[in-house]
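Chain naming follows the written order as A, B and C, and within any one chain the residues start at number 1.
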Amino acid sequence: MKIKKSLYFTAAFFILVFSAILSISAGAVEIPLQDVLNVFLGKGTEINKTIIFSLRLPRLIVSAFVGMGLSVVGTFFQGLLRNPMADPYILGVSSGAAFGATIAIILNLGIFGLSFMAFLSAILTVFFVYTISKTGTRVSMTTMLLAGIAVSAFISAIISLMMLLNHDQFSRIIFWTMGGFGLVTWNNVYVSAPIITVGSFIMYLFSRDVNAILTGEESAEHLGVNTEFVKKLILAIGSLVTALSVSVGGIIGFVGLIVPHIARLIIGPDNRYLVPFSGILGAVFLILADLFARVLLKPMEIPIGIITAAFGGPFFLYLLVRSKQKSERM
Amino acid sequence: MDILKVENLSFSYGKKEIIKGIDFNISESMVLGIIGPNGSGKTTLLKNLSGYLKPSFGNVYVLNKNIKHLNIKEKAKYIGYVPQDIFYDFDFTCYDIVMMGRTPYLNRFQSEKLEDKQIVRESMEITNTWQFKDKSIKELSGGERQRVYIARALAQRPKIMLMDEPVSHLDIKYQLEILNLIKDLTLKGILVITVLHDINLAAQFCDKIFILKDGKIEASGKPKDVLNVKNIKNVFETDVVIFEDSETGSINIVPYLNRREQLKVV
Amino acid sequence: MKRFKGLLALFLVFILAFSLVACSTNTVTKQPDNTKSATEAVKTQFPLKITDFLGREVTIVKAPQRIVSLAPSTTEIIYAIGAGDKVVGVTDYDNYPEQVKNVPKVGGFKGPNVEAITAQKPDIIFASKLSGKEQMEALEKMGIPVVVLEATNIDQIYQSIKLIGEITGNDKKAEEVISNMQNKIKEISDKVKDLPKVSTFYLVSLDGNWTAGKGTFIDELINIAGGKNVADDVNGWAQYSIEELVKKNPDVIITSPHAGNVNDIKTMAGYKETNAVKNDKVFVISDDNIINRASNRIVLGLEEIAKFLHPEAFK
């Protein structure tokens, strides 16, 4: 049993490395593999160096970390809420970020301002949702879920109104929300990679606790798990990681929802294995999605949200059907 | 030393007082049954005993320690809790589920030690669930699942096991199986306090019974002494007939169907 | 069968994805089928039968006195040919000329408002392809003629001007406007025609790296102004790969006031390696509308772009 798991992990790791190599070597501009190698060996042309080091490499790293972050958060939120439909955005992070981004775009605050506003607004929104949902020291996940939906709906309406009154910026706002890594630079790497890694690691330490919480919050508390603390911690860090991901890549759907499921179908529900496995699969998923976004209709770039939906959805359906067939045969 | 001592326990949900001053102490391991009509506060009492709910007034002592002063992990080393329903729509193996019972003894960075594995195995063997260890919890029947949850609580090595209607949703075969298992636990020195819905099962398996009414213990004692027509009429507002089996000494409580019939009662 | 279901779903989503992408590119519009050339002056006779840009035949009974314009480009043309005093309704987007500030607004973000339009009692409506089909049909049923204009290149702008001139009875003025435009364009293109083509990139918006590809006005203007649009390997409005931009290495980058912060452009990875940024040839057009709108002011846009690309020729 244990042997099987490590096999899956090894396979996943190799796929990750392979995807990374693929992503570096392919893009809108054709760079033969030999030339890619030359760049790393220090003998490439200026143009190739710019493309590989300034454009493709940071993009690869950020998409990998964002993919990992969103999948890890999705796994934990699905566990905490005991709801397979949960994703990192349900508590209002996405609408909050869109709100901040809309303001930044209307005020023409520049790229850094945009990321900052998206991030800040996302955090504030989740905090607001948390504050209105808690009763005393406890917070009910169901209440937070519903509050998140309500707040998101409200914010979306405000955003629509703002777009109405600033129709010049309409398309800019829309396309920010669709997500993409087109303008990722090394600065984004320096900010997002460490925070996403540390955040994911801290959450991972609570895998066992979330396993217990999966059997019921009350049950978990009777087992010695400090349920309220774990919930708050995961919500806080999870929202932080998600907000950061959204501020750098826009609202990329499906990753946080589907990757945990795919991972679970392969490796099982134990978060101690599921979380890292989800992380690796998520990184692979976004690296490849970004690759397709760049290459499919080159030199035109497709918003990455379209790719994740187009490929994620059907693939997940396929896995579901296959697992249904398996259980029917039993 | 008392295993469990409850002093003037009161609990309110907001303005509504559910538990109104309960005192008792238990000094030996036994099966203590709590029965009473719906709304009498049985589950609330149980959750106050486990420490999940904080009493509005009063104290609960386990082995002379006030549970108010124990943190969540420490409490879990003394008190195990088996609730009525546990969410089980996931593919954890039974072994994994029972291993969760070792959480109070495991540090965040530790992995399971040999001792933990031995305790899990023991708990599963006592509950006759070791053969399911690699099976997914989803694949088990209701009775088998309940045994796994009891094994999990057992793995906590508690002094007290609290159970909330552990057999209400099971077939009679499994009801008897679980209740027998519970009775065996007391042989290991564990005090089992269980809320039961079925008065007859309570009569058969409990060493002592509390009848709860409106948040107070209306009557307490051995089943034979406590389960009489008067008490049952008082608490459950039902007329019953009580039969005693001369061979086993067990009693059987049957509600009156026809009031006009005057039957001799024991 | 089950495997087929998965593949079918994948196929359907693929179609959806590609059609969404395709929507962002411009499609070619039908040319109005006018046999008269753009430079012939003809005095309008009413009732007038014309064919609009969608190929629809519209009959205009008499010279319109109350005009509703549902496209800012059309509004500009109407004022330019001297029929501005007859305009009784414009959209929220209209901002040129000054006079439209005082004209009632009858349409906005969500399209034309039929009630607001009818309240102005128009006797003709100039619409665009974006004006909702249902609303236009409703208005036509009320007996108000609807003429649809949609110019996607300069030639079609001439045709729009001519058509509007015909319809409003201001043919002569329309001819003048067209003439002036043609002269100005010739003047500019003469100045640059022997100069080497300057490779140019137009940045519509930094978020998403949007550019104007082949088939847009901007593309056409760049060509006439003596430049080469490096992004003409994509059609219409598209998100352009920065990698490709680095490879193409434009000498000039032109952007709009709404594209984003110019400083971001100059420091952005990929951008900062281009000749344009290195030689400080990043220019901001004064007003999007002179390069986006299908009106006579397109000539101003052309002039600005030409001066960016070939400053020496305009001293």
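Going forward, a contact is a pair of C-beta atoms (placed from the backbone, for glycine too) under 8 Å apart; a residue touches a chain by one contact, two chains touch by 3 or more.
Being a predicted model, the structure only gives us computed values, none of them experimental.
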Could you draw the chains as nodes, link the ones that touch, and say if you get a line, ring, star, complete or other?
line
Per the definition of touch at the top, where is the C-beta contact count highest among chain pairs?
A-C
Please indicate which chain is farthest from chain B, where distance is taken between mean Cα coordinates of the chains.
C
Just give me the whole-number Å value for how far the CA centre of chain A lies from that of chain C.
38
In whole angstrom, how far does the Cα centroid of chain A sit from the Cα centroid of chain B?
44
Taking each chain's centre as the mean of its CA atoms, chain B sits from chain C at a distance in Å of 78
Residue numbers of chain C touching chain A in their complex, please.
2-3, 5-6, 9-10, 13-14, 16-17, 20-21, 92-93, 108-109, 205-210, 231, 233-234, 238-244, 246-247, 249, 258, 260-261, 263-264, 268-270, 273, 288
Chain A residues within the chain B interface of the complex
1, 82, 205-206, 208-209, 211-212, 214-216, 218-219, 221-226, 268-270
In the complex of these two chains, what residues of chain A are touching chain C?
27-29, 46-47, 50-51, 54-56, 58, 105, 108-112, 114, 163-164, 167-169, 171-172, 175-176, 180, 182-183, 185-186, 294, 297-303, 306-307, 309-311, 313-315, 317-318, 321, 325
Hey, which residues of chain B end up touching chain A in the complex?
50, 52, 71-77, 79-81, 83, 85-88, 90-92, 96-97, 100-101, 103-104, 106, 108-109, 134, 152-153, 156
